[in-house]
């Protein structure tokens, strides 16, 4: 028997029926006009979700990691300096990637559980009087700790420093689930993936690229072919692709954006915030706290729950998988064992989340963590029932 | 956004992925040899699930109601007498069907919440010294009240009365989820549907027919064509069908049985019993009780929950649908308003059931029923965690 | 390896992607408001495709045979007389069904290859001065011989005879593929199935019922429950169903009609006529002829090809299936062996038909029928290329 | 109406039902044990299809272009010299990629329509007495011209020259459709894609990497992260992935290999050869010839048809798409306009190919190319019927 519990990992998310069906298509000649009919609305929709003005959208048959690589190889040259804060596994990995491609990374070490340190970034930029820093890298939503950074604040810091660096933002686990304002925040490259807020299977890196970043592209000397924006943009102009695109995922992306906009982006963000708040109420009822150091840092897509002293979050994740067939996320890197993570992004409902919380409680009871069964569920339920947005059961 | 909560109605059930995929097939010529490759394993599997010895399986592109009609029109003649107890909406409907087809029904009126009254059946059969009763009709699992009747007991009563009537059993909401022993119980026709224990979409009536019932078929004078077993059996013999079969559902039926047998029928029954017991623990924690009058009558596929005085079960069902997008069953007929029903059959897991129970609790709180949030969830969770059968997350 | 050749049987047809996806849905509570959102457009669409004014649409989880049975059991009483012509296997079967349900059938025996004999029908009605004939049964498209009858002509004959009988039409293999005008032709019950012009899997009988037939319903004394229009109409009024409906097929029916109307019904009919004409050109090029006796009788959905003397059409069908994995239809009844049938209805394209014709030619060559390879294909191709309606490759 | 003609492009291919269903799966936690159950058989199967001994399989969420890039960035360093012949668009693009990554490419210019020139390769290697050439690049099946090169011959040339360079082979449009013997031919890296012989959607680059190439990996200084084999192999060892894998495609790959091996790899290759020969018979009947210069060079997956003087192959491709909804491939680069391409790989049958050929003939007639309708179809049909492997219509 195959049992189909929802997943509670911070991505890939549960995939809506309509998106699965959009992705699952017969072969379509990607050199034909029919491809453009799928591709153009996907691109136009990404512009709206990212809040772009000007610039270009690049969609690569790749993943978020590929998106990070594409961002730097298309705009920078060997030896270029970038500025980045490290405060979780994903900010760490982007830094590591830059170093492996021969960039010099000025790292602001920041405690895990904190967000990107706006003041320190401003200071670093002000100190860079020679303008050696070509780009500031920021992880909007650090998936390892459930921390949302203040990208608007980073933009203000950059402006305050009067520094001309580009701003590259990893929005993989935020875009489509939390407000994102590429133009308003002056983001030069935003990196998203298909498998988070867009609720698709993994397989697409989705980038918004500003005009400023496109200008940098011409002089960038890091080698690239698969990720080369120039080939992409030349092919796009003719309605095509420089190689075989992931047609089904692109069709699914168009459908995803149609669904997000049918619900309304603001409603989508509010739904994520509401579900996240319910999870946090449950965490509080358990006598625990999020890894994120303060309420302004709380991610609306993932909560890293700090487990009690003497407990190991990884035990809970393993038990949930093996005993109950439910997937949560383990702690990574510095917080391995110290947290377990509940993903609450994409297509989720109250009933799904409550089932997930009840499962976490069973695991805690099994592990002797001293949590009262039903306590977290009740706290979340009380919040959900007071804040529910009536909805009919959808036919689709 | 289409939200995909599981359903908690007593059928149709949630459909497993693998069954949806088996049903969703391109057109196959039903007059070709390929059809037999799907049909034969489905038929053979039905025999095993029903516990048949001898007799024939009939699979009609219809529903349980069609199965009831086929059972009587293929074996009885106008004016024939049948014996049936009425103790719920579905036993009532079968009686009504018999009357509409010109049969004389000797009805044993039985309180809703009770099962088929074995002693009264025995008495009625003993009283029928002229042998006018041609068939005893029994509803194995009365879906309206969540009551399981004792079919083995009815067989013993028939034997004790030394009566030669046929025994027809409505197993629509039991077969595939609760033990069924057609040969052992001496059942002459068992009626199942695709959309309950077999976890398929509605669209098939599935019947097990004993040799005794087949003998009666030749002399039966109720008119029928679509439901005529004779046409069916003639066509089956040639690997075909007298008209266009529902090929996809038959493919899905074969897959369903493969899944049930892979898990093991005993394990499937144990799983249903375990999930049902968790639901009943929640009901008790809410201070309520099942409609079924005693523990030996509890259905393992559906619990009709008697709501407190002054409360209306239908209000809960409406609220759950409109506010939370979750489907429960309303009370029907005599128990309309007095109960709401939680279906717990087919592909279900702890996490799904707990989410459903949490949703019911939110509704109760919304309606001011005085139930403590988390109370039922905790009671079910305590039971589930103590009785869980470890399982890995299935890949399929 | 599973090879997915299109089928060339006269139904079930090849199923379009979009329809397969519409049918393949997760379980939806059929007692919820969501069901009505699927059901109402399906019903409204059927009205348009059938050309109804007044009356009601009935959709049964059954097949065309069930539709025939529903038509008579809901409107007639035991001993009632009906008038019908027999000129193929499907007109024969409806007559047989009537007889099995205790009706008296006045049969006009007509050579296979001819259509319903309008003059003979008129004569029979005129002779029925006592008005004993309650209904005239007509098979619009006799699938066994590929003959289309003149329903408008039958209506004129009935009017000329001044006879008040009802007119019941089997449109199973015509509706959705050839023009149908229920109101204009004064049809009282039209029977369609899901698996032909609607391009769905088998599993629905779809009936248009006139106000006159609905009036007859009240007095009809043939027994029925599963097929009872009264239960259906009572339930429909509340947005529901008297038993579990085939929700996925109803969703697919709504999608089917959306697709047919997006193309335009007239365009759909023209497409069928065009593909059929190509097939007939191929048949002529092979030196053969359709079973239909004259051009005005040609079906646009199926061509029964009369094979040369000494040849056996069933051999071709078997060889095509076993050697090439392609499904054609065998001859049935009187024309068994004398014809093979090429279905050309539903979602078909030039390239599909040409592939099918080429396969038929290979079989003819294998069987030594003396047909030149490529001859039929060339004739059809010449016609198709001269009459093609440009189309882009669809994305969906 | 969406019409679903098969495609006749040289990839992506038509996707079998069973593979579409394997790919279309609900979200599975890729960090759970369940992922390994999908991944390990996919990897093991790739080993068998590639004919590997030793070495490692790398599966990247990318495309063939990404596979080319991964091959060189994981084994070479800036300034390294590689040897490659250019005789078509795809051999050209790999050369271009190498140059963009800072490699020095010794190019053997070869007429389009020829294969990799074994003698010239041997001469170049013999001339490289300093051993500066680190790798020989060979395009096994040049998709632009329909030419298969002799990889075994290249290995013999390398051995004859006593040269220690690695041998990298682009098998994107050959692997899974034509014999490939990685161990026997001494291939160090073989690059395949998901969307050709494996019949999946695009989205995976699949590489076989020899132990010799793995040894080179440690010293390779071309920058890479997304494509880095070292991260992959470290993660694989723990049953995981360095980032989110394309789980559905990997499940589909496992299914693809299961299907290929169920048919038998030799039977798969024979089927491709048989279908290709039929296409070439049609081409000859049209009075045309393949672009491949001689019979030993004929590709079994794609035929580039040289069009008559004064004709333009691109016109045919456009017309087929716009008028008939059928996709063929245009000529690329040097042979743009001079050829059109018929892909005949993946899940294809006689009836599909014959339909495609008939469509090409209609286009030729429309364009006034002086080809007799039916001529090519007849030639192919004659060959197919004489060489058919009987098969039943598959149920799946």
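Structural remarks
Order as written gives the chain letters A, B, C and D; numbering starts at 1 within each chain.
The rule is short, and it goes like this: a contact is a pair of C-beta atoms (placed from the backbone, for glycine too) under 8 Å apart; a residue touches a chain by one contact, two chains touch by 3 or more.
The shown structure was predicted, so the numbers you read here are calculated from the model rather than taken from an experiment.
With contact taken as defined at the outset, subunit B and subunit C are each touched by A, D.
The pairing of subunit A with subunit D is characterised as same-residue: of all residue numbers used at this interface, over half are used by both copies. The most distant chain from subunit C is A, comparing centres defined as mean Cα coordinates. Put simply, the C-alpha centre of subunit C and that of subunit D have 45 angstrom between them. Remark: subunit A and subunit D have CA centroids separated by 34 Å (rounded to whole angstrom). Per-chain Cα centroids separate subunit A from subunit C by 53 Å.
Among the residues of subunit A, those in touch with two or more other chains are 4, 14, 17, 24, 26, 28-29, 32-33, 321, 327, 392-396. Taken pairwise by the contact criterion, the protein chains are fully connected, each one touching every other. Chain contact summary for the complex, subunit C toward subunit B: residues 4, 7, 9, 11-15, 20, 23-24, 26-33, 61-66, 68-69, 96-97, 100-102, 193, 195, 201-203, 222-228, 242-249, 321, 327, 329-330. Every residue of subunit B that touches subunit A in the complex is listed here, in rising order: 1-6, 14, 16-18, 259-260, 262-263, 268, 321-327, 347, 349-356, 358-359, 361-362, 365-366, 372-375, 377-378, 381-382, 384-385, 388, 390-396. Taken in their complex, subunit B has these residues touching subunit D: 17, 21, 24-26, 28-29, 32-35, 37-38, 251, 392-396.
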